[in-house]
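The following pair of complexes shares a single chain, subunit A, combined with subunit B in the former and subunit C in the latter.
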Partner chain A sequence: MSKIGIPRTLAYFLYYPLWKTFLDELGEEVIVSPPTSREILDQGVKDAVNDACIPIKVYHGHAAWLRDKVDFIFSPRLVSVRLFGDFGTETFCPKFLGLPDMVRLTVDKLPPLIDTRVGIKKDPKEIFNIAADIGDVLGKSAADCKKACRKGLEVHKKYQKLLSSGVLPPDAIAQLFPNEPETNNKVRREEHQRQRLVRKPNREEAGLNIAVVGYPYAIYDDYINGGILGLLSKENVQVFTQDMLSDKVLNRQAKHLLKSTFWYFSNRAVYGGLHYMKQKRIDGIIHVTAFACGPDSVVDRLLEIEAHRHSSKPYLSITIDEHTGEAGIRTRVEAFIDMLNYRRDKI
Partner chain B sequence: MKKGYLGVDVGSVSTNLVVLDPDGKLLIKKYLRTNGKPIQTVQEGLYQIGQEIGEEIEIAGAGTTGSARYLISLIIGADIVKNEITAHAIAASSIDNEVRTIVEIGGQDSKIIIMRDGVVTDFAMNTVCAAGTGSFLDQQASRLLIPIEDFGSYALKAKNPVRIAGRCAVFAESDMIHKQQLGYNTEDIIAGLCEALVRNYMNNVGKGKEILPPVMFQGGVAANQGLVEAFRRYLDMPVEVPEHYGVMGAIGVALMSRDASRRKGATGFKGFNIQEISFKTTSFECKGCSNACEVVQFYENSELLARWGDRCGKWEV
Partner chain C sequence: MKVSFPHMGYSYLAFKWMVEHTGHECIVPPEPSKRTLDLGVRHSPEFACIPFKMLMGTYLEVAEMGAEMIITSGSNGPCRAGLYWVMHQYLLEELGQPVKIVALEPPLCDMRDFIGKLRLIRKTGGISTKQLIWVLQVTWEKVKAIDEIERHSHEIRPYEIGKGDTTRAFWQALEMIDAANSINEVRLAYREALKVLDAVPQDNSRNPLKVGIIGEIYVVLEPSANHYMQIMLGEMGVQTDRSIYLSGYTKKTTIYDLEGDLYTVAQPYLNEAPIGGHGANSIAETVLYSRHGYDGVVQLAPFSCIPEIVAKSILPTVSRDHDIPVLTLFIDEQTGKAGVQTRLEAFVDLMERRREVKQKQSTIARRLVI
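Now for the complex of A and B:
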């Protein structure tokens, strides 16, 4: 049995249940790094190349945290998960493509990385080949890998169901793996229980409904975004994110654009934003974007233009980087909420 | 005694205090430099106001805004704490309820607020760049040995504004030096700087915003006539500077305190003589987890009133 480390950032927020179940079923021990903290961020900023975006730097920090605790770090090279878009070449952002190399070359004393290439463009069944490749590294038989992968996909489906019922990813993960000490710290559990009581769209007079779109690793990582979801829930705002929407609903938005972007997570954010802009019960849209993110220079502008054009829904863009002060985010969020409340009173 | 409403706006550079009468008319204003000491500055400002009008005015409501709004609300006993954007919008529309664009430039931040039919519909603040804010102008003025108060009038005397790179404060400065070395006169350089700042503001904060008249320009930097002119030229529309442009945030929150204290039925205001109370803050690094939050403790005399700075909330009083 090997110890396998998973950094709690980037694709973790969408695929952890799949990865964890798969590795568990193979009899491996999964160790997840703790939620991003100052220590992890500082380490990542130190290790990573200077002009990377903050999520990539944070990933370096998580990998460094795991290095002396595990035998392998699970860092699959995410290339593409579907054939989609105008050229049929929707990929992850270039930094994801080069991530395993970047991490390997910049973080000292790393254990071996499991950096299997994930390209599932043509056929969903390709995932079983990928599972077998990973199993190969760990010395497992192809048959076992297939079985484990099936189990993983089952749990992944459950996970997606939870998300589409309106549960936020960290809470859904806590529900699926209640006994995992690291995943499920006490604060998170209490938060989750509190949220379960209120997780219904706010009706007219009650609080506001705000869609928060952006990359999962920007909106669900409380440390790097100044706790924006917590700020909103304190103000009695019900939060909706693109990850609560099914692929079908998201992809329907593609035809409203002249052209989609090339990047998987970017398209999800754009489509999610477009969908919520058309929902009457949504009072406003917040886009959380990482400073120095290349794709976001397109995504942010696109969302802003669409927000004005389609619905004149109030739109707020919040940029995060390693120097982000919580105060700045708080001021903007408070002003945004005031604005929505005044508008609502007026109508 | 007549009733008055107090608004306090504590920003990075200046601390502004105003008292309004129940109709929203300004009775007194104080514009002080914060000098990194928000607590003492507010104590001093309140004391001055108390000396001048404390005999005839009774404070019936108080509010705070600005980056130190939470800290100062504890000190004065505020009835309402509001962010600067809402405060500026309320103040501007109290002067001109038709206003559709508010340009606000303060010491270290700048914002644009778009209003339609008296309601804020869009806003933006400067993100990672402070070029074009008051601090930068301050610095350049002292480098040119010109009092900041005269900066604007120099710009107005210019015949041919020089083009200065406005992307970044550092580049703007080296560009200015370069232009000086080439022999351009100071007036033209200062006017060029004003134009560069407006360009920077429009490309950064104002990007993608639908700017319609009436435009109101407020914040301490609106004192700079050169900049007002540069905005007029760039936008090609009239730009109005309200009489009390420097204290608009404080006016806005004073107006809001009127409603807030009415709702509450009483004010929490502690009085003008809070100089006699000793306010103290101490801080420590929490060892609870690897976030190592810097927790601030706030004491009134020796009583612990509040703690903040922790991310998890375990130190809340």
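Now for the complex of A and C:
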């Protein structure tokens, strides 16, 4: 049995249940890094190239946290997860494409990475081969891998169901894995309590409804975004994110654009934004974006222009960076909420 | 129609000829200036890359000059460049500029789209398909000739005796290509142009440092975006080579001779390619320049350029493994010429010192053998 570390950021928020189940089934021990903290961020800032965006730096920090605690770090190279986009060109941000190499060459003394390439746009069944490749590294038989992968996909489906019923990812993960091993449990419990504050599904109440779109690793990582979801919930706001929408609903938005973006996470954010803009019950849109994020220079302006052209919904763009403090975010979010409330009073 | 296109290095001469011969009026894009950049920065998203901003500025300038159509290239990713035109179109509309952007997506992706757009250009210009094909052939010939002349100018500049002679001869050569009106004329002009360049008085006793230029295509190709870096280095007495040319044809760049697949060379460091832009190329080219005995490599990239950031985080390892110094210059709107010059001078010093040390070592080694 090997210890396998999973950094709690980037693709973690969408794929953890799949990965975790798969590795559990193979009999490995999964260790997740704790939620992002000052130390993790500082370490990442120190290790990563200074021109990188904050999520990538944070990933370096998580990898560094795991290095002396595990035998492998699980860092699959995400290249494509579906056949999509104009000419089927959808992939991931180039930084994802080069992520395992960046981490390996810049963070000292890392254990080996499991950086199997995930490119399944040609054939979704490829996932079983990928599972077998990963199993190969760990010395497992192909048959076992296939079984474990099936199980993983089942749980993944459950996870997606939870998300589309309106549960936020960290919450859904806690529901799926209520008794994680000791190391993860404590943080998980604390996180769970914090998240419960966030989540008060009281659609009947007269609170505001705000769509928060952006990359999962930006909107669900409380530390790097100054706890924006918590702030909203304290203000009695019902939050909607793109991850609560099914692929079918999201992809319907594709036809409204001249050309889709090339990146999976960006497409989701754009479509989510476009969808919510057309929903009557949504009072405003918040886009959380990372400082110096390449794809977001496209995504953000696109959403802004569309919001301005096709709806009268107020649009707020919040940029996060190393120095984002909770205070700064709070001021902006509160001002936005005030403005929305004022608009509603007028109607 | 009044037609324009992006300004990318000296290729604008070829495209000017092309537009004029497809029956359109050409609005020649001005060389990007401070004003171009300011305009672009003002109307672009803050974190758009410099090429996006420069092009935005250029488009606004040509719109002012009356352009109705802008022909540019699309791309199938995975980097932002393929979405440039979509955003540019959005932003121009927001600013109330009635310009249409016609982006030619790579024909391999979508032949119908490609042909449809070519037909649009042809029909609005009122020429036949046969004429269009001829125009495209001549244009291609011109692009190749211009690239080849530019490459040669960087080769001889470090040997020039009178500072600026090469650049003057280079412009003369460009004018000769510009005046040509058929494939044969271009070929003839090209041969003459090379002679003009070779006639620059040179001091062949010099042994210039050799530097490879790698990085993102726009800032590498557009001298006004990189503060005329190759000319600057040439006049400091450094010979420069780069692998990126618009024609992609100038295979004479030293490092490409039979090197096999670039991505294979990059693979020990970056196990995925392409990653957009020239990210993977940058890594492979550093390896190749080292193998070919270059003294150093300059990586040129726009600030926030995604693939080059990936490359930058990997390059220190490549540089160590292959014993070749790398200078990374990330360019943004604040980058000034003086800053670039200082950093280049320091880099040149460093390379000179390395060379001396190496030479000493080899003389010692030789003496020991005797």
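Methods note: the second predicted complex is superposed on the first by the 322 of 347 C-alpha atoms of A that agree within 3 Å, B and C clash if a C-alpha of one lies under 4 Å from a C-alpha of the other, contacts with A are read in each partner's own complex, and residues count from 1 in each chain.
Operating definition for what follows: a residue touches a chain if its C-beta (ideal position, glycine included) is under 8 Å from a C-beta of that chain, and two chains touch if they have at least 3 such contacts.
As the structure is a prediction and not an experimental result, all values here were calculated from the model.
Asks: With the two structures laid over each other on chain A, which partner does A:301 touch: subunit B (first), subunit C (second), both, or neither?
Replies: both
Asks: In the superposed arrangement, does A:68 touch subunit B (first), subunit C (second), both or neither?
Replies: neither
Asks: Hey, is it subunit B or subunit C that touches more of subunit A?
Replies: C
Asks: Quick check on the superposed pair: does A:108 touch subunit B, subunit C, both, or neither? Answer first, second, both or neither.
Replies: In the superposition, A:108 contacts neither subunit B nor subunit C.
Asks: Following superposition on chain A, which residues of subunit A contact subunit B and also contact subunit C?
Replies: 291, 301, 305
Asks: What residues on subunit B touch subunit A, complex-wise?
Replies: These residues of subunit B touch subunit A: 67, 82-86, 117-123, 125, 127-128, 208, 210, 289-293, 311-312.
Asks: List the residues on subunit C that touch subunit A in their complex, please.
Replies: Per the stated touch rule, the residues are 44-49, 52, 74, 76-80, 82-83, 86-87, 89-91, 94, 105, 109-110, 269-272, 275-277, 279, 303-307, 309-314, 316-317, 330.
Asks: Flag every residue of subunit A that touches subunit C in the complex, lowest number first.
Replies: Going by the criterion above, the answer is residues 48-49, 51-52, 77, 79, 85-87, 89, 91-95, 97-98, 100-102, 105-106, 115, 117, 257-259, 261-263, 291-298, 300-302, 305.
Asks: Please give the residue numbers of subunit A that touch subunit B in the complex, ascending.
Replies: 34, 37-40, 187, 222-223, 227, 291, 301, 304-305, 308, 312, 314-315, 319, 321, 323, 327-328, 330-332, 334-336, 338-339, 342-343, 346
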